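Both of the next two complexes hold chain A, though its partner changes from chain B to chain C.
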Partner chain A sequence: MDKKIFIVEDNQDDLIIAKRYLSHAGYAVVFSTADAAEGVRKAVEEKPDLVILDTLLPGATGFEVCQQIRQGCGGLGPKIIITTGSIDAVDAVKARKMGADDYCAKTSDCAPLLEAVKRIFSEG
Partner chain B sequence: MEGKEGFIEDLKRRCDNAEGELKKARDELEAESWGLVKTNEAIKVLYRELDKKNKQLQTLDQLKTNFINTASHELRTPLTVIRESISQILDGIHGRISSRQREFLSICLEDVDRLKRIVDDLLDISKIEAGEFKLKKENTDIIELVKRVIVYFSPKAKGLNLELRVNFCSEALLVCIDRDSMIRVFYNLIGNALKFTAKGYIEISVTQSPEWVECSVIDTGKGIFEDDLLMVFGKFQQFSNAGVSAEKGTGLGLNISKSIVELHGGRIWVESTLKVGSKFTFTLPANSKIAEVKDAEENTSS
Partner chain C sequence: MENFKNFKITTKFIIWFLFISLFPLGIATVVSYKSSRMVLEEEVKNSLLAVTDSKANQVEGFFQKTKNDAINLSLTPEVIDAAEKFTNAIQSYGLRSPEYNVLAQKFIPMFSYYQKLSGYNDIIFISLDGEVIFSANNSKRNESLYEAVLNNRKSELAETFIKAKASGEMEISNVERHSESNEGVIFIVSPIFKQTNCIGFVAFEISNRGIYEFVQDYSNLGNTGEAVIVAKIKEEAVYITPLRFDPDAAFKKKIKINSREGREIEKALRGVKGSGISTDYRGQKVLAVWRSLPTYRLCMIVKIDTKEVFAAAKKLRNVLLKVSLLLIVIIVIIAFSLARSISSPIKNLTQISKIISDGELSARVKIDTKDEIGELAVSFNQMTDKLVEAKANVEKKNEEVEEQKRLLEESNKELDNFVYTVSHDLRAPLRGIDGLVKFIEEDYADKLDSQGKDYLKKIRTGANRMKQLIDDLLALSRISRIKNPYEEADMNELVQSVIGRIEFDIEKHNVELRVASDLPVVRCDKIKIQEVFLNLINNAVKFSSKNKVVPPRVEVGYNDTPEAHEFYVRDNGIGIDKKYHKEVFGIFKRLHTQEEYEGTGAGLSIVKRIIDDHKGSIWIDSEPGKGAAFYFTIPKKLPEKKKLGQILLDDGVVSEEELKNALEKQDIKEV
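Now for the complex of A and B:
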């Protein structure tokens, strides 16, 4: 069964790269948005298998979005990976506290993200 | 008996609580440890990514330098031919020309000269960036050098009704410099000062300390906006406060001047107050004297 993946990312270039690499690896990104509130609403409503969050979003941080999804789903909900492309914003301790399942850096070849996605789905 | 049982119950409850707290602390510690490992990993990856991007940018920059170099060389040759042809016509070598023709050809010549200056500047910039700009340093009397530059600018200053003042620390001062490059720095600084000063004076001063020779070009022009001060030595920077003279610069002069001063081991900076004026200062190592002393010592010992 195909896994449903959502992406909340405001940088169009980063979004295109992530979608391309994920689809090449056999995953389907069924929904993406740059809007944090919309991301939370859709994730809570549709409960995808995985939500990939950018750290720096307009109006909210990926940490906040992660926490709101967890709260909205009553503590459980989809698997969540938080990503960052900024050295200044790296904080995996905070990501875990807010309920993220994994955390990785954004790169031009998406290697860390693909590894994290594979790990999450193999863990079940 | 009851007291004993109560005591055991209490002990058990306390043990359970302590165990719960211990588990909670262990979970928190594990989460913290996981977070730190992931943070470390992400930072390493991001630094590698930055390094990769930096190398890509350096390659692009090199390509750009090569392109400018080639393009400039290709432009320079036809420009020289055009300039020479126009000059010959203006000089009347190929027959008489009307005043109207002379007027238009003079405009052509001015613009060809400007284009040539831009091409020369671009070539110099690409040489500087490629590390191929070599200085031919020799002991030079900097006072005499400045005086020559002033002679060149005197008619222009007179025409603009500006006074050219000098303030020299001595009659002659030997410094180990590349003469042509240093003339260029003074041309740029004095040329700019003339361009942006409507009234008052331009003062060129040369002073000396044991370690440095300090040269300044002071003007009573419009001054430079504070925001522009940080960028004046950047490439293709044109002052936003338009000058008095119509002659347009290339926006590369101060960048080249900065590179020349730094290649000499000196430093250049600017101070400016709006509506009062600007002061461009650069330093050069006062090393010629040291060289002379060393020579003298060697002569004595041999």
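Now for the complex of A and C:
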């Protein structure tokens, strides 16, 4: 599995947990940042297979980052999953509108995320 | 009368004024005209009567005098002597004998004198056998009166002679028209006696010309009055004197006695005196007085045109009519201006009220007077002021409401943000704790003793518990924040969908679930009532499954009450002590130790809040050890709520339905 996964996440705990579960599942997180602008730039430049975004980032929301990546890549580009620590599911609708491929809640065991990642890669 | 009500004030005033003024005036006019007519008629009648009597006396006097003269003359010795001599001369010598002529010549001067003295036309001697033996004028000489009668020649003289001969007394003839002079003549025939022997007759021919001067005297008779003398000749009434309007009428004009014009003549000829309105020979209406002139069987009518009689009354009436006409004009003008003075401020008021009702609230009525209309205008203006004030108040209130709405929306949005932030920020450290402790458990399992592992487990349990509390809190805030419009919901379908969602738990705990088959269709917030059933059934499943004595059983039922739909969810669990029946609906009320029951008390708080929102009620029927039944009602008549069922977001509107779907998706992922 040589899928390139980027994570844009400001919470170090969440980042550690996500990296660990993804690597256990066989995915390599090749880049991570807490900075939204850098995340956008990297994602557009390096065209990873998947970008995992947090909804609340310093300076921007995950939705905005998502939108900027999509714009930067001219509509195509990496798969994007937006994760949220909130339980307010309004975001699910918003995420899809902003061009995200999936949306899931953050949990301590990363189960929704892993499921979403698997589904995205199995879809191709 | 119905129409009168709808007339304009001006019209009403004019009608009333005219009625009030003209009605008495009209009566006064009629009464005064009638009474003046009556007075005039009476006065003129009296004057006519006086004229009639005076003229009748004159005429009668004239005829009486001629009659008396005739009588006297017939008794004079000269007349007796003349009669005797003429008779003898005729008998002895014949009519045309010189002896007779000598005799005639001898007497003519004397009779001419008598003739002149008494105004006779002629003095005639008639023999016993009806021969005219002398005529002062020579007019009748040689006539034989018997012959005239025998030959049926109309001759009053002959008829009167025969009468006088039969009666042996003086007789007076009817009026006869003189064939040459066209005058009326009357004959008085008187027997001449010598001692006691009738030796002949003397006849005086009297002209009626003598009475012309009486008739033609029109003094006291105005312009149209006249006296008319009529004789009855055969069945006709003959005017024997000239008429005022027909000077040649004497003996030419005649009318039928039984005709309309002849009625009064007929009465007068019968000797009935009278007066009244009648029609004269010209067909004119006249006021007439009639009486008879008995001596010569004549009648006299004195009359005057009613036109002249009533001219004064008519003049009075015309004056009154002119006054009325003038009054009408004046009254119409007064009524019009008076009505205008009342109606124009009212019109003004109406106009202003129209302007105001069209929304121009600054308009005010101009107040010129202090009468009732002025007062009306004042209070109208006051009312308008109040209206402006009230409108301003309403607008202010509306603004306040708008402001509050805006604030509410703002605070709603703030709450959204707050919930979002809280859920994000509070849950993040808990995820870290749980996730990292799990890593310790995984990575350092061989370095930890059981005590350490237990501590770590307790840390993770605490963190999860904390996460659950936060989630419940947020769920509760979301429930009270979001309102949906009421809709008809089939409770059978609704309960079945709830059961579908917790099927796993029901099977896991082997719960016997009974649902009443005939649940109604209820108007409610469908999504929230679903939440109610979910929580209640879920609780019931949990509680009943903790009862280790009997197999768990849950029942969903329904009672129809007049005011509300009543549902209940009953379990056969351990039951709830009465003292906790109110407390269970408080948030995070734990009635049982965590070991026995999962979750927190937020579920029942949510249920109570939803039922409260529906203005329904919720209560528990339970005793420890006897299971518990949760009852709730939904009123049949729900107050319609404002449409706040959708919440506004930055980039669009999301309905509760979409939210729900999203939540469900999330739930699945969380498992």
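Couple of notes before you dig in:
The rule is short, and it goes like this: the second predicted complex is superposed on the first by the 120 of 124 C-alpha atoms of A that agree within 3 Å, B and C clash if a C-alpha of one lies under 4 Å from a C-alpha of the other, contacts with A are read in each partner's own complex, and residues count from 1 in each chain.
Quick note on the criterion: contacts are C-beta pairs under 8 Å (C-beta built on N, C-alpha and C of every residue); 3 or more make two chains touch, one makes a residue touch a chain.
All values derive from a computational prediction rather than experimental measurement.
Once the complexes are laid over each other on chain A, chain B and chain C cannot both fit and instead clash. By the document's definition of touching, neither partner reaches A:Leu76: not chain B, not chain C.
Applying the stated contact rule after C-alpha superposition, one finds that A:Lys94 touches each of chain B and chain C. Once the two complexes are overlaid on the shared chain, A:Thr55 sits against chain C while remaining clear of chain B.
Looking at the shared chain after the overlay, A:Arg20 reaches chain C, while chain B stays out of its contact range. In the superposition on chain A, contact is made by A:Asn11 with chain C only, not with chain B. The partner that reaches more residues of chain A, of the two candidates chain B and chain C, is C.
When both complexes are overlaid on chain A, the residue A:Glu115 reaches chain C alone and has no touch with chain B. Shared interface residues of chain A, touching chain B in one complex and chain C in the other, are 84-87, 90-94, 97, 104-105, 107-108, 112. Residue ranges on chain B touching chain A, taken from their complex, read 31-32, 34-39, 41-43, 45-47, 49-50, 52. Chain A contributes residues 84-87, 90-97, 102-105, 107-108, 112 to its touches with chain B in the complex. Residue ranges on chain A touching chain C, taken from their complex, read 11, 13-14, 16-17, 20, 55-56, 84-94, 97, 104-112, 115-116. For chain C in complex with chain A, the touching residues are 416, 419-421, 423-425, 427-436, 438-439, 463, 471, 474-475, 478, 649, 651-652, 654, 658-659, 662-663, 665-666, 669-671.
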